[in-house]
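A, B and C are the chain letters, set down in written order, and residue numbers restart from 1 in every chain.
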Amino acid sequence: MTVLETLRHDDIHELRLSRPPVNALNPELVSTLRKAVIAAPGQGARGIVLSGHAGMFSAGLDVPTLLQLDRAAMGEFWTEFVGLCEALGRSPIPVVAAITGHSPAGGAVLALFCDYRIMARGAFRIGLNEVQVGLVVPEVIQAAMRRLIGAHRAERLMVAGAMVDAEEAYRIGLVDELIDTELVVGRAVSWLQDLLKKPAQAMSETRRIARADLHAEFDRVAEIKSDAFAERWFCDEAQIVLKDMVAKLKAKRG
Amino acid sequence: MTVLETLRHDDIHELRLSRPPVNALNPELVSTLRKAVIAAPGQGARGIVLSGHAGMFSAGLDVPTLLQLDRAAMGEFWTEFVGLCEALGRSPIPVVAAITGHSPAGGAVLALFCDYRIMARGAFRIGLNEVQVGLVVPEVIQAAMRRLIGAHRAERLMVAGAMVDAEEAYRIGLVDELIDTELVVGRAVSWLQDLLKKPAQAMSETRRIARADLHAEFDRVAEIKSDAFAERWFCDEAQIVLKDMVAKLKAKRG
Amino acid sequence: MTVLETLRHDDIHELRLSRPPVNALNPELVSTLRKAVIAAPGQGARGIVLSGHAGMFSAGLDVPTLLQLDRAAMGEFWTEFVGLCEALGRSPIPVVAAITGHSPAGGAVLALFCDYRIMARGAFRIGLNEVQVGLVVPEVIQAAMRRLIGAHRAERLMVAGAMVDAEEAYRIGLVDELIDTELVVGRAVSWLQDLLKKPAQAMSETRRIARADLHAEFDRVAEIKSDAFAERWFCDEAQIVLKDMVAKLKAKRG
């Protein structure tokens, strides 16, 4: 059973996260998605839709699974996750996040690196709540957040680990459009179809220049080779909060 | 017959684009305007208003004329056009764009480099629609757009080659004020008069520091000496779209 | 008699400007406040509230006193004032500006470098009106303004030396919240209490990364060692406007 479905809408390829119950990002899903994003243009895609299932885009990192990893494996996972962000941020073809529901932490992070974000209207939440679970938001993700909503608002939300609901996310520019849940993917496809009607080279090259600041962030990541996120994962503060969270999740599920 | 009129409102000089029917930017107008912007302070101007005629600020580059140019001449034209943007962006005295009507492509570009934009209220449109006609928006122009409306919104509009109407332009900060067409120039003059009442050296030096990021963009232009715009002008994609556009314009005019 | 009161609300320390009648920033107050901000974490503070008195946060620099200083003393004062901005901007613990009333010029500057700004609702004004009194807004302060309200809006307000009222300040993001005057300090304390409930290391490190651009501005200040502000203070334009302002203030007080 695959953790990622690919649906072809002509030359727009939908990559649908498909790891029940909440599309938690484990090493397999992250690695599979990264490869799929990179491979898509070579398979005829001119645009990508990244979607989840109705009500849940992705719950973010699969904490219970990741807590089993040792230091080396966690370092590898993080490199792979940043690589996935880079694949989205540097994609030569436009990518739309079809945020079909809740999108905390890692789910929100993936959406930040896409060209455009369409979110399901309703009682769904999105945001970088890493601080709430004892984790630090690294610079490359902070930079992506800043270019969407400005330096100060990004600082306030990330430092508090705040989530916002869909309406507020739209109001502040964290997402670009709201639409009913069942229409999110269709709207993402039609947004891409409109964009792909423009003269292709002019659109691609203007897009490359417009996103060069984001690309430069990944150049810096490559220079620094920071392992701070994985390092921090194992500190007492993070481990206590993360394990407590997992325990509560288990109790809740009965 | 001149393509540019100069009207003196005391020490505020209005440079009025005057090339019927649509103030299309041909080599003569670009060169004349560049010289006039640079010369104004030496001729007693303490502020500049850049205006068009009622209903049409400028339709942008004069495509039919420019399509006649060979590669070398197009390269020269582009250098001159960026030089005009630089003259506006680096002007030692404040410049207001009195956007008296439609302002697509090149018309919008000139407005971006002014200190302040006052646009005619009504069914007029403004925006960087270069992509729609197969052209790429170069970095120096993208940077000017970003500092007005933010990185993400600028990316979305430029990559799609989107135009917006006056109300939307005001809402997103692409223009600073809306007023009835016949009042645009008068309001631009009075805005400058207010600014020129402030202590002159303090105002000028604070302004210089505030616009240093824009000046730095032109330093980079000088370093790179990019000829990409002129290069691209001659590629198949652009030539086909541009020639098709000119053919349609001719057919329309009967 | 002290010019600064310290009030402890458990581990949140309120530094209250206390120099009647208008909390004008003279060398003693600037120096005392700088030391207090730097010392607070070592005295058990986990957060700082910077407050004024009801109706007046701070009227800014104490111009009548500063006009008595010679060139060297003015240079020293300015170094100390930028040092105070740096202490606020680099504080390892979060700082909230409790803007209890009017906050022109230097008062607004201090607020810019805090993490969060809560302002008294009502007929109070805030802004960088330096240009109005013949002074230049230096780059480090312009940078702080830009990251709150964007490059273009910051340029417009600073170049004109414009003040805005509380409602407008909130609308454009120059302040983060409005509340009745008597509730400003209490709200500042409770905002900090909420923030301090988050995992402490994750919050601090995410905050450090989010504010690194602001820190970098102070690195540049240290490199440049600019004395331009003090230099400019003694030029004719500034001296005439400043002395005229002081004369009018004296006449007004009878």
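By definition in this document, a residue touches a chain if its C-beta (ideal position, glycine included) is under 8 Å from a C-beta of that chain, and two chains touch if they have at least 3 such contacts.
Keep in mind the model is a prediction, meaning the values are calculated, not measured.
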Same vs different contact residues, subunit A with subunit C, by half of numbers used: different
Angular offset of subunit A relative to subunit B [C-alpha, multiple of 5 degrees]: 120
Centre distance in Å when subunit A and subunit C are each reduced to the mean of their C-alpha atoms: 38
Contacts with 2+ other chains: residues of subunit B: 150
Subunit B residues touching subunit C - in the complex, by the definition given at the top: 94, 115-116, 147-148, 150, 173, 176, 194-195, 198-203, 205-207, 209-213
Interfacial residue positions of subunit C with respect to subunit B in the complex: 130-139, 142, 150-156, 158-161, 232, 235, 237-238, 241
